[in-house]
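All remarks here apply to the structure that follows.
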Amino acid sequence: MPKYTSMAYKSWDDMIFGTAPHPVSIGIGPIELGKKHVYPQIVPHPRPGSEATKEKILREYQRMTDDALGRCVALGFPGLVIEFEHIYQMTSQPEWAAAIFTQAKGQMQDYYDKYGLKSALVSTVADLRKPDMVHMRHSQELDWMLASFESTAAGGADVLSIESMGGKEVFDYAVQRQDIKGVIFGIGVLSSRDMEWLWQKIVATAKKNNITPGGDTDCARGNTAMFLAGGYTATDLPHTFAALARACSAARSLVAYEQGATGPSKDCAYEDPIIKAITGVPISMEGVASACAHSEMQSNIVSAVVDLWSNEAVEYHDMFAGSSVEVFTEILGYNVAQMNAAIELGTAKELRDINIASDKYRDVHGFMLSPDNAYEIGKAIVSKVDSYYLRSKAAVLKTADLIAADKKLVLTEHEREALDKARKEVDQLPDNEGDFVDMCLSEYKKVPGFDPTSYGY
Amino acid sequence: MARTVADIADFTPIFVRYDVKIAPKKRGAEDVSADPVLQAIARGVVDGDEDVVSDATDKAIAAKGPETVIDTLIAGMREVSKLWDDGVYFLPQVILSSDALMVGLTKAEDAMGGKATKKGTVVMHCAHGDIHDIGKNIAAALIRANGFLVIDLGSDVPEDTVVKAIKDNKAHLVTGTALMTTTMSAFAKISDMLKKEGVELPFVCGGGAVSEEYVTSYDMGVYADVAKDGPGFAADASSGMSWQDMRAKWNLVV
Amino acid sequence: MPKYTSMAYKSWDDMIFGTAPHPVSIGIGPIELGKKHVYPQIVPHPRPGSEATKEKILREYQRMTDDALGRCVALGFPGLVIEFEHIYQMTSQPEWAAAIFTQAKGQMQDYYDKYGLKSALVSTVADLRKPDMVHMRHSQELDWMLASFESTAAGGADVLSIESMGGKEVFDYAVQRQDIKGVIFGIGVLSSRDMEWLWQKIVATAKKNNITPGGDTDCARGNTAMFLAGGYTATDLPHTFAALARACSAARSLVAYEQGATGPSKDCAYEDPIIKAITGVPISMEGVASACAHSEMQSNIVSAVVDLWSNEAVEYHDMFAGSSVEVFTEILGYNVAQMNAAIELGTAKELRDINIASDKYRDVHGFMLSPDNAYEIGKAIVSKVDSYYLRSKAAVLKTADLIAADKKLVLTEHEREALDKARKEVDQLPDNEGDFVDMCLSEYKKVPGFDPTSYGY
Amino acid sequence: MARTVADIADFTPIFVRYDVKIAPKKRGAEDVSADPVLQAIARGVVDGDEDVVSDATDKAIAAKGPETVIDTLIAGMREVSKLWDDGVYFLPQVILSSDALMVGLTKAEDAMGGKATKKGTVVMHCAHGDIHDIGKNIAAALIRANGFLVIDLGSDVPEDTVVKAIKDNKAHLVTGTALMTTTMSAFAKISDMLKKEGVELPFVCGGGAVSEEYVTSYDMGVYADVAKDGPGFAADASSGMSWQDMRAKWNLVV
């Protein structure tokens, strides 16, 4: 498949929440993404113990689904996307997964029939291929995954997505050592190669079932780095280093769309503003309403160009106002009501710019995801079309340059040193993919469990 | 220039008025009797009109006897429940109907020379330290209107008062309401005290703070979601259903 | 004390979040409310069982406080207000309450010393005077309450507030019967009289301790009606009826400020936009971030003129991202960051109008709290200065008129009937307070536990 | 016209850069030895430089004997911990230091003709069905660097494998990591299995999904918040502290 060589927008300023150059229709209603409307996306997680039997897990999902749909009707939300991120027991037992999806789809149809509530269902299969433990291209785990894509597609899923695991073994080793070379290799090369291989299968399954191949996220790497970087008081990883890792994530997550995915993207792919700038697909993002799932420093700015607004994940439990699923459906619904009201009023850009001002300079992660910078990073990526390695490297260099150049962005001494050190190391890397890969294959032999044949080497 | 809310013609991208979509057609209740006086009683209940019920009851007691009056009152209330179930009536109409019903019931019982046999006895209370009682009060009104004897202990009720009332009244059912996380622990205490005394009966617990998970963590506890279910709980308990069976019926325990 | 006779603003359009004509400074830093900045207000609640001993409850509050302050520093929030709504065991044991406040204030001082984080502490004493059970003016419960105001003021509280209980017995009886007369009597007359009596004591305690008398809320009545009304699918109470009850709430909650309270108001007083229009005090409100505490139909619009943004209450427990207190501190912090960014950008009115458009026509409660309508209701209130009864009645009539007149506000048949019926009943009420009170005293004798001497009759 | 973010001069009303406020002054480590070769070992550890440590270790083993080398390596690591505590070092510097330390340690142990006595034995794993292992890996590196023997069973480890490893290795401490609500129930199972076999030892559990409340709900469980505390747990357990005492020390049980 060809690689992206140009941008979907003429200027970053054309990017706005709710609108995408390549809209997508999914589910019952249908839910139209990218056509001047932002929808909420609730992601519920079952309680400990509910995985014990098929009957229990079905009840748990039934309740969670009903809570989410019921709250939408009570408050007047026009539509809802529900995502089930498979737990281990679903992907490893494709017939459980199928039953859960079929049940939810029936509930969604009932709400549509009774109230006219639109909805769609996303199946995010768990990537159980832990690269240091199982082979990426031949293993029981892979077979389960493919069977689960198939069974949930047949069972009523409208979108197939994944958080794929390629390159994680090398990345984990490298990120703990603040080693940018290993990060580029793990994310930019290994993960991209794994995606190219895996996404052909996912797209084929989606097509066969006449549903939508959604997207992939660099969660396993980009978000690990982001969480390690943490807030202002954390000292696990420099924030500048995590931002450079995120630049690679964009070059990497693009592969899904090159292989035929159309969006909606995966919510936890913080690299999505860059992806949207390049591809024009509708993106799912998470921010202030995903505070239940993790803490972050860019909760408002990530809504700037969003099409589907998610809470990432909330465990089912009781709160004063009802269940946590009801609570977060309500928060998401009002968040998107604000965005949709702005669209109807004609002040969407004002709202976008307010959200940009909230976080652009709070932290480097928000800074690089600010649509203006995201656009520039996207341009660097599409300028290097011939190699996964080179486009990742270009993204890292562009990000480092943007961070270094902006006077409003304050960095501590430690953060700046980390940036300068990484920048210097990247400058010394080879100019072509072959040399880089040879170098890395020899250096990262030492990473426990790293098996180059998992990536077709 | 940016427009204001006044310029928006169509709000459906922002919110959808599902209430308008599902609003039922207004309709009246079915007649419950061909007899004009009995029908007046039923209509008085349906309309929540104490005066009408009072007058018609006086007449009907003389003409038909108090038992028939009681049956008619209950039949009227059944129509009220249907209207509520269908969304034609809201709760206040039901409460007013139950007020009216109580007027008739008191008269009929007096005429019978004492309390008519009730379907069962229910002790109700709000937890020690908790004064949120509106949910309990609504449930009490509904249970009473369905022909059960309700002993309402009020709110902020000490645990031993509850236990004593259960024993003194040979209750079929006890209910507790709590809206604060720091008061609902009284329920578990009551359950323990009852066990120690060898008393076993369904203990239906509800209220904003209370979760099914919590209520089903102590013996006898059965979780109540909405006041509307009150009469159903009372009926099950009075018919001798065990708390285990009631829990299995009403709660979706994980 | 004189009653309000005029509005604090020339026009509704001058009202905006973050700015109040009469700013208030509280706590460490200090936190300046009403001076072009909105602060977050977190209200944590302890877990079941933690009330068992003084040691346990102190640990629970210590953790909750640390979680809230720590998250602010991690994410860069400039300041935080923490409110402790007393649980029963605090107000009834004033020395527990004092210890809890002293401990929290010490933690807040530490964070200020170490990081410069501003903060302030609100003591909301539980009104344990359940009017049908205890006398409002002479009872053990009253003594506990006054002692708790005193002990927490001495212990470090910066603001004293309450959700006072007057008139609740009559109101509860009336609201269950959709009886507008009883609602006006319970809220407009009885609760106002109780507040006049109680607030003189609260203001005196605050003055003595050199801290701030905050505000009171019609929670016990206005919010009970609002919760009963519920969402689109609820059938406990017509929404139009709840909106009329809320109109009384505004006439009633005003009494605190007439007796010397200065704000910040109580967060759960949804009548506050009307109060702000009349008094110009900074108001605390709750909306999208209080979805943890209850569901509502006006979560965005209530931020239109807010100064302090609250979550109402969240029970302490674990979520994926940390504790629920951390999660909701994070949500609140980003919500106010959005508002503060708009202020700094000069687009605050655009954001306000977006939030208005989100909910003005979703439901009658949001409709009447829309700043334009809130202002009109305020005018009706201040036009009737000589009587608590008459100003409540005026508020109800104005609200009914506004609802009936606005063509964009769609009502179901049942809602419109409820409105018309109430309107007709109010029209027939006496023209002076004496007659009205005589009528009500005789009619509501039947309410179990109603004791007129509790209100000085 | 509305301004853009570029027009904002002062962001403090929107956010405050507390990180800048509290950023420590950069500083180096204290010297740990007056001897230049030993100091080179320590410096190599502090700098995370495997080559320097390797060379200096070779020299020092000959000149001072392996025990002194080990002491020096540990002393260097102690300086690293101080720098981390003060925020001068971030985690990667600590991991690189521990890599360097392991190079020296391996040489010294080889010179002693086998493993040096470790301070204690720690069995570590991620829960069955769970592949989130980065927190465990960090904790393992820190515990190892503090002189303990770590048996790392990896991730997605069946319960009986864990129990067997504890018995086979006579472990002082077992640790578990889980980041999913649906995998952490494995911990309670392991606790039960150990009890049944009469084995009792502290079971330190951590990971994003895991709460103190959950971990302290089964026997032996001690909740771990951050990887940094790993060496402290290992030290307590190896010194014979009971799980009850460790729980009291490390956890704030309600």
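As written, the chain order gives the labels A, B, C and D, with residue 1 at the start of each chain.
Here is the rule we use: a contact is a pair of C-beta atoms (placed from the backbone, for glycine too) under 8 Å apart; a residue touches a chain by one contact, two chains touch by 3 or more.
The structure displayed is predicted, hence computed values, not measured ones.
Shared contact partners of chain B and chain C, listed by label: A. The chains that touch chain A as well as chain D are C. Averaging C-alpha coordinates per chain and comparing to chain A, the farthest chain turns out to be B.
Here the CA centre of chain A is 40 Å from the CA centre of chain C.
Mean C-alpha positions place chain A and chain B at a centre distance of 49 Å. Averaged C-alpha coordinates put the centre of chain B at 58 Å from the centre of chain D. Multi-chain contact residues of chain C, defined as those touching 2 or more other chains: 45, 47, 49-50, 73, 75-76, 232-233, 315, 317, 320, 337, 340-341, 344-345, 347, 350, 353, 357-359, 362. Each of residues 2, 4-5, 8, 11, 14-15, 17-18, 22, 209, 214 in chain D touches at least two other chains. In terms of inter-chain touching, the protein chains here follow a pattern that is not a line, ring, star or complete graph.
Contact annotation for chain pairs lists A-B, A-C, A-D, B-C, C-D, with touch applied as defined.
Contacts from chain D toward chain C in the complex involve residues 2-5, 7-8, 11-18, 21-22, 208-209, 211-214, 252, 254. The part of chain C that touches chain B in the complex is made up of residues 45-51, 87-89, 128, 130, 133, 172, 175-178, 224, 228, 232-233, 235-238, 315, 350, 353, 356-362, 408, 410, 412-414, 418. Within the complex formed with chain A, the chain D residues making contact are 2, 4-5, 8, 11, 14-15, 17-20, 22-23, 26, 84, 87-93, 95-96, 99, 129-131, 133-134, 137-138, 141, 154-156, 180-185, 209, 214. Chain A makes touch with chain B in their complex at residues 36-37, 47, 49-50, 56, 59-60, 63, 73, 75-78, 114-117, 317-318, 320, 337, 340-341, 343-347, 350. On chain A, the positions that touch chain C within their shared complex are 45, 70-71, 73-76, 230-234, 287-295, 297, 299-300, 313-315, 317, 319-322, 324, 326-328, 330-331, 334-335, 337-338, 340-342, 344-345, 347, 350-351, 353-355, 357-359, 362-363.
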